[in-house]
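Each structure below is given as structure tokens.
Next come two complexes, and both contain subunit A; in the first it sits with subunit B, in the second with subunit C.
Here is the complex of A and B:
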């Protein structure tokens, strides 16, 4: 009893601290700071961190361009001294950038503004800002300077623009969450990865319990068409690709989840495999190789770089905060002399991983210099790690100008992205909440029983005020969700101290909602959205029969976030579910978060009503036509 | 002279002589910190795995300060098994106040040299190690040999709050009819322990792992066949141990042990790593000589003497210095008196391909008399998966059978699953290097209710083994 009281007291203390932190964050936002202004929760001072995510050298090697997501700018540094030359403001949450073939222009994908900034590298001024697709995440120009290719994360495609005017010419379908584009060394092909698993057409009804599938979309740049889709079986999240200079070896960084196996423990890579896919003439068919070891993991491989002499591959691993070094000759010898598959073999990496170099918090993009340096952008540390590739030793850490204090939000975000708190450092929050969002997967968590209560992962955006958490509503607040529950059933290792938990909770509560791409400027609704809204709000069906209050969309999905914060039985209980009483999920950016329902059994919003609502328990919808359901979807997309 | 009296005599002599003559340090050698070592006329390190006495002629813990050794706990008839707390303010040890006493676990506070007794049973309690979360693990003598137990040693409210409600003050961690001895607490919070291989039945010393709540027991590595004991984790995460009379190590990348190219000598027991990365080892160059403490810089061609004494084995050195706290394991056991086990693909094994298709799995439990009792059978799916409910906290083992009932593969030893534990095995002796494949096991598509093998519907039948 005494212990229970102490436990409650601890939760109450953390909740109180969270409230204080959140209040201070609220002050910062209220003062109208920039979208990514941060706050030191202990003083209320607004802080803006640089948060570097990508780094590039100018063609002559004299300048360094650093893409800073937090401060929304490109920082230009002297490549020798790292002295600042100029900071160039770009759009919100820039995620990717690249130089034109002639080096005269720098293109920046502004993911929250849906624009590309075109920077003149001679004047270091933004020469143009072009509207593009939804959540542009990387941008590459073809060798001839005719076309620009932009990966759009939300519209799951690659937009092809006229490189001189920015006019969009066509769209090419890519993987879900298309994000990173890498050209082949000769520029004839572009390789596009995506951060969410591909949608699966409904065939067996068990799509939510089959392995995720991803792809590398290969684009023929001359014809601007998709030339090939390299399938990545069992891969859910793809990140950077790199090529050897001879073009014979391609390497893609990726995450291989174990979401179909009950998550009972973490040892022996129980939750994720951190892997690379190798492709190209050197390997023949694509090969997946693991980076993890038996007791040491290379969590969330993100950036990849291959030395000019093809002797080494460098991989930045976000969660482990390291750069993994691979000996290419040993790697190729291994895959040519050992029969695969290798992804499940935790002793495989001993054959080719030759070093693991500690770098800063959340290492992301990397670039190699001509003189043998590897630069790594440490997003949550505002530093660049400089690694001497001859010795594979960290030779220097270059701080970027910015706040020196570690704010509540910053510390919380570092905690969210690191894997250090889990058993053997295997996973972090960001493993399942990619870039603080979701993962498009369903998981089988151990406490509910093996094979029981399969749960869809939910979006974290703007979740303040949507408690309780978990699909069964079993967790009353974030300190419980992120504290004891995470410690016991996810990390399988001791958790954070109270201050760290507080900072993490404040960060999670502050994760903003991405701009809604379906809302018109001024938040007017289209006619279809208006019709959908009327259906959402209706109190009687098409036949004039009143709809009981509890069976109206607007009753359960009430309020600005679309949740009444109560649990209901909407008739979706499966034989493997322990309860049919389910928490009402928020509707924030619901259009992005497929699959749907508590167990991810509905691949689309429409399936919620056409497949899983035969008795109208999940709202009165069986009187609606296909067109009306489309209207309803149009409205939901604005939430 | 009887052993007990001899032990007292040795201890008294040692206590009297040590301050006068001291041991023989090499003045040129500096370890960089004080250390504690066990001095014993005879040392049989593996005797405890057979339930026997390791220090038949007594033992005395010595504190070595700037090369000078003195008894760490004067007044005790015997002391051994020092383990320094993470803050280096206290020391756990096994001790006998009087020669006729059983070994008990004590804690010494270095500041005032006070001691307190932490175990009170009539049987021996040895090899204590600090655990995070205000507990310790040690080996308690039972009718089945030494078993690992965890005991609360810190009753402060903040410490108690870390434990799941209902956690007993003393918790059994091993459940088999063979001895186990804790060796180290790893950085990831698991307990490294020594026991015979095959577990629960064999005699070859091997290193195993278990979580601090007794769950998740497994071999550290599955390249069995060598005598491995005296494991100690280094700052790098590697585990160095005694392999026969030489040193070897486990590293994170490799699924098998790696020999340590140390100078030729006969090594015994765990090493201690200094802050500078050097190793304090206990070694001798001739079988007739006593073990002495030496310092070795890994890679160097030779060791340097630190402390030696003719006729006294100086073993089990531990540094008296703060060390990193291991992670605490938050127990996730359910309040059940049984356990569940899910095998993902029982066909997988380091032992090679099966000679048939497994159709069923048989569970056996070892009864108190050491007999194998058949608990029943459960189907094995085509993908090799099976899901069973088993008795918790009991020695169990599985055998795979084909459709005709012929045994295709069977476990050689015994293991246990804690009550309330839900265990997943990738295969049958696949080794820790084999990670799970991402697919729903077929058995869970058929049912989420495990086949109940936790009790037999009738009186348990004694297994005939084999087919």
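Here is the complex of A and C:
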């Protein structure tokens, strides 16, 4: 009892601190402006962090290019001294970059501007900016310099552009959340990974209780068509791929969620497996191998690099803030002598992981130099870790120019991305909120038995003012959601100190809303969207009968964020649910967040009404024709 | 009133003319000895379930280079390097009955219209769109055509378009087009024009530039007699359409039509080499040449002459007949024929032809 009271007191104090801190320090929460990491620090300074995410050497090895997501620029450094040569401004939230085969052009994917910047590496100027698909996240040119391939995270495709003019020629269907493209060593194939699991069409009605499926989309570069798809069973989130120089070994970094069992099983390593998929001639059939070891987890493997002599694989692990080192010979011996599957075997990695090297906050992209150095971009520390691959020792940490002070938001973001607060350091907030968004999965969160109270994960963008939180509306505010709830049900470990919790809450409240890709420039609506809006706002059905307030779309999904912040029973309670009274979810970027409904049982927006609204409890919709329902959905996609 | 009188007079006159033509006799269709025009000859290799076809009832065939996709009553077949790979609902196919196929030449994706939705086969993955999980107007998909980033779909409840860039579905039905019946059997899309074969509602044309709809109907209305041949579409019950080289080729259950944007030319058994007016499928080769899938065999028209390939209607033995411009019909000695006379689909593989029939798949290999 005393502990509970203390907890409530602490929550109240934290909530108060949070509000006070925001007010006193002038913390500018998101107002719809650019997504740069312009943040107000504790002193009120506007701090723009570099936030490096990728790093490349020029073909001759003399220059280093660093892609800085926070400052929206490419920083050019001298590769020997790390002295700054030039900072080149690019588009908002750049996420990936690559050099042309001849090294004369550097292509940058600007994920919030839906453009690719083309930088002339001779003049170090942006020579062109080309429009591409929705949320471009990486870009690769073919060896002949004819075509440019761009992975679009939101449109789930790979755009093929004329590499000279930037004209889009076509788009290839990729997996969901297409994000990272890696060419094979001979350039004949491109391997595309995805940050979200593939969509699951409704077949049995139990799709929300089946493991995720992802893929590596393999593109035939010469023909610019999808040649094959490597299925990744049980995988939800894929990141970088690397190849050995002989092309016989491919390695993909990924996350393997265990979302079908209650998260309470974190104490039994029951939340995620941090794994790699190996493929290629050295392996035979693709095989998934774990990086985790008991009490030594490799949380959220992201970047991968393989040494030229194929002796070592390096994997950056965001949440654990380490680089994991794998002995390739021992790894191949292991997989050829042990019967799988071993993705969840915590004793396996001891057979091939030979070192874990501590680096900075949120390590992302990596690159190997010709002289045996591995450079790691530490996104939330504005540093590059330099590792000597002969000794596997951190030899140097290169600071990038920028603020040295840690702002509230920066600290909150570090807290969001690190795994250090969870039991044995297994997970962090970003495990389920990939890049501060969502994960496309349904989870069994509560310790109330297997398969009870299944909940769909929700998008974190612009959630200030959408409280209460949880599908049952049980958490009145973010300090409760991120504090006691997270500590008790998710981390099952030590509590945040009050300052850390405050900073985390401030960060979560500041996560911006991505630009909506279905809105026309100027935000006017298309005719279909206008018709849909009229249906959303209507107060009478097609027969002239008044629609009761609680049965109107606009009543429950009211306001600019699409939530009345109240709970309703919309007739979606399942036998496994403890309650049918559910918090009204916000509609922010709702087009991106499939599956839908509280338990993710609706695979698409359409299914909310075509399958799960037989009695019109989830809005009066059964009087609508198919084209009218399509119009309603067209409008919802603009929210 | 004046117009009505004029029309009545025209109908009467045309009827009298038609009676006169019948009295004079139909063009000869009895085989004659003589020199036949040179028409392509094929050696047909036929596939059934005995050699790997998923089902003998083949609705559609689609050639993709060396690969041949086949839509059957029991799954989608892919014939490659002499082997069959079968896709079923277990693989994610929308329904076992695959009625129509279309190829996206740019991406290599195949689109399959089924009795239970629309499926995209891309790099081995199957994505399915249904009337419940998407904006697709109806699950019974009779026709599909890919044009740029648009997938045009003909369904049992109107037509629709999926914009692959935005994911938006646009529906076309009696509420926003001149479509009276909404049973859409076929679609042929190009960047400029899109044509819909509407069962009972004629031929619909959509101008992509202006967004304008035009409707082509049988000037004889629902009269089964052809009073105004070559004055318009041959019949309201349009089953298939093919738009190539700015020419529309339209098939109906009562003859076929060719339209060049100004003039119509219709084909009937009584005055052409068409083996039957009941035509399931039509595929234009270019402005002058087309293939016809009828219930009484496979036919080819080269702009002047006709050739029919089929098992004989009387003996069942392989048969090829050629009809010249004067109506002279010549029998050509052949040893093979398509698997069945009920032809449902046609596609080309270089100089070869693939034919979907009600009882098997046929590969016609051109004989030099």
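The criterion applied here is as follows: the second predicted complex is superposed on the first by the 608 of 639 C-alpha atoms of A that agree within 3 Å, B and C clash if a C-alpha of one lies under 4 Å from a C-alpha of the other, contacts with A are read in each partner's own complex, and residues count from 1 in each chain.
The rule is simple: a contact is a pair of C-beta atoms (placed from the backbone, for glycine too) under 8 Å apart; a residue touches a chain by one contact, two chains touch by 3 or more.
For clarity, every value in this text was computed on a predicted model and none was experimentally measured.
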item: Joint occupancy of subunit A by subunit B and subunit C, clash or fit; value: fit
item: Touched partner set for A:269, first subunit B, second subunit C, both or neither; value: first
item: Subunit A: partner with more touched residues, subunit B or subunit C; value: B
item: First, second, both or neither for A:295, with subunit B first and subunit C second; value: first
item: Contacts of A:626 with subunit B and subunit C, given as first, second, both or neither; value: second
item: First, second, both or neither for A:223, with subunit B first and subunit C second; value: second
item: Angle at the Cα centre of subunit A, taken between the Cα centres of subunit B and subunit C once the superposition is applied, in steps of 10 degrees; value: 130
item: Lowest C-alpha to C-alpha distance for subunit C against subunit B (Å); value: 20
item: Residue ranges of subunit B touching subunit A (in the complex, touch as defined); value: 132-133, 157, 160-163, 165, 188-189, 216, 237, 252-255, 327-332, 334, 340, 342, 344, 387, 422-424, 426, 432-441, 444-445, 447-448, 450
item: Residues of subunit A that touch subunit C when the two form their complex; value: 133, 155, 157, 169-173, 198-199, 201-202, 215, 217-218, 223, 225-229, 518, 528, 603-604, 606-607, 610-611, 625-627, 629-630, 633-634
item: Of all residues in subunit C, those that touch subunit A in their complex; value: 92, 106-109, 120, 122-125, 127-128, 130-135, 137-138, 149, 157, 164-166, 168-171, 173, 175-176
item: Subunit A residues within the subunit B interface of the complex; value: 2-4, 6-7, 10, 209, 211, 234, 256-262, 264-265, 267-270, 273, 290, 292-296, 343-347, 349-350, 353, 423-424, 444, 446-447, 449-452, 484, 487-489, 491-495, 576
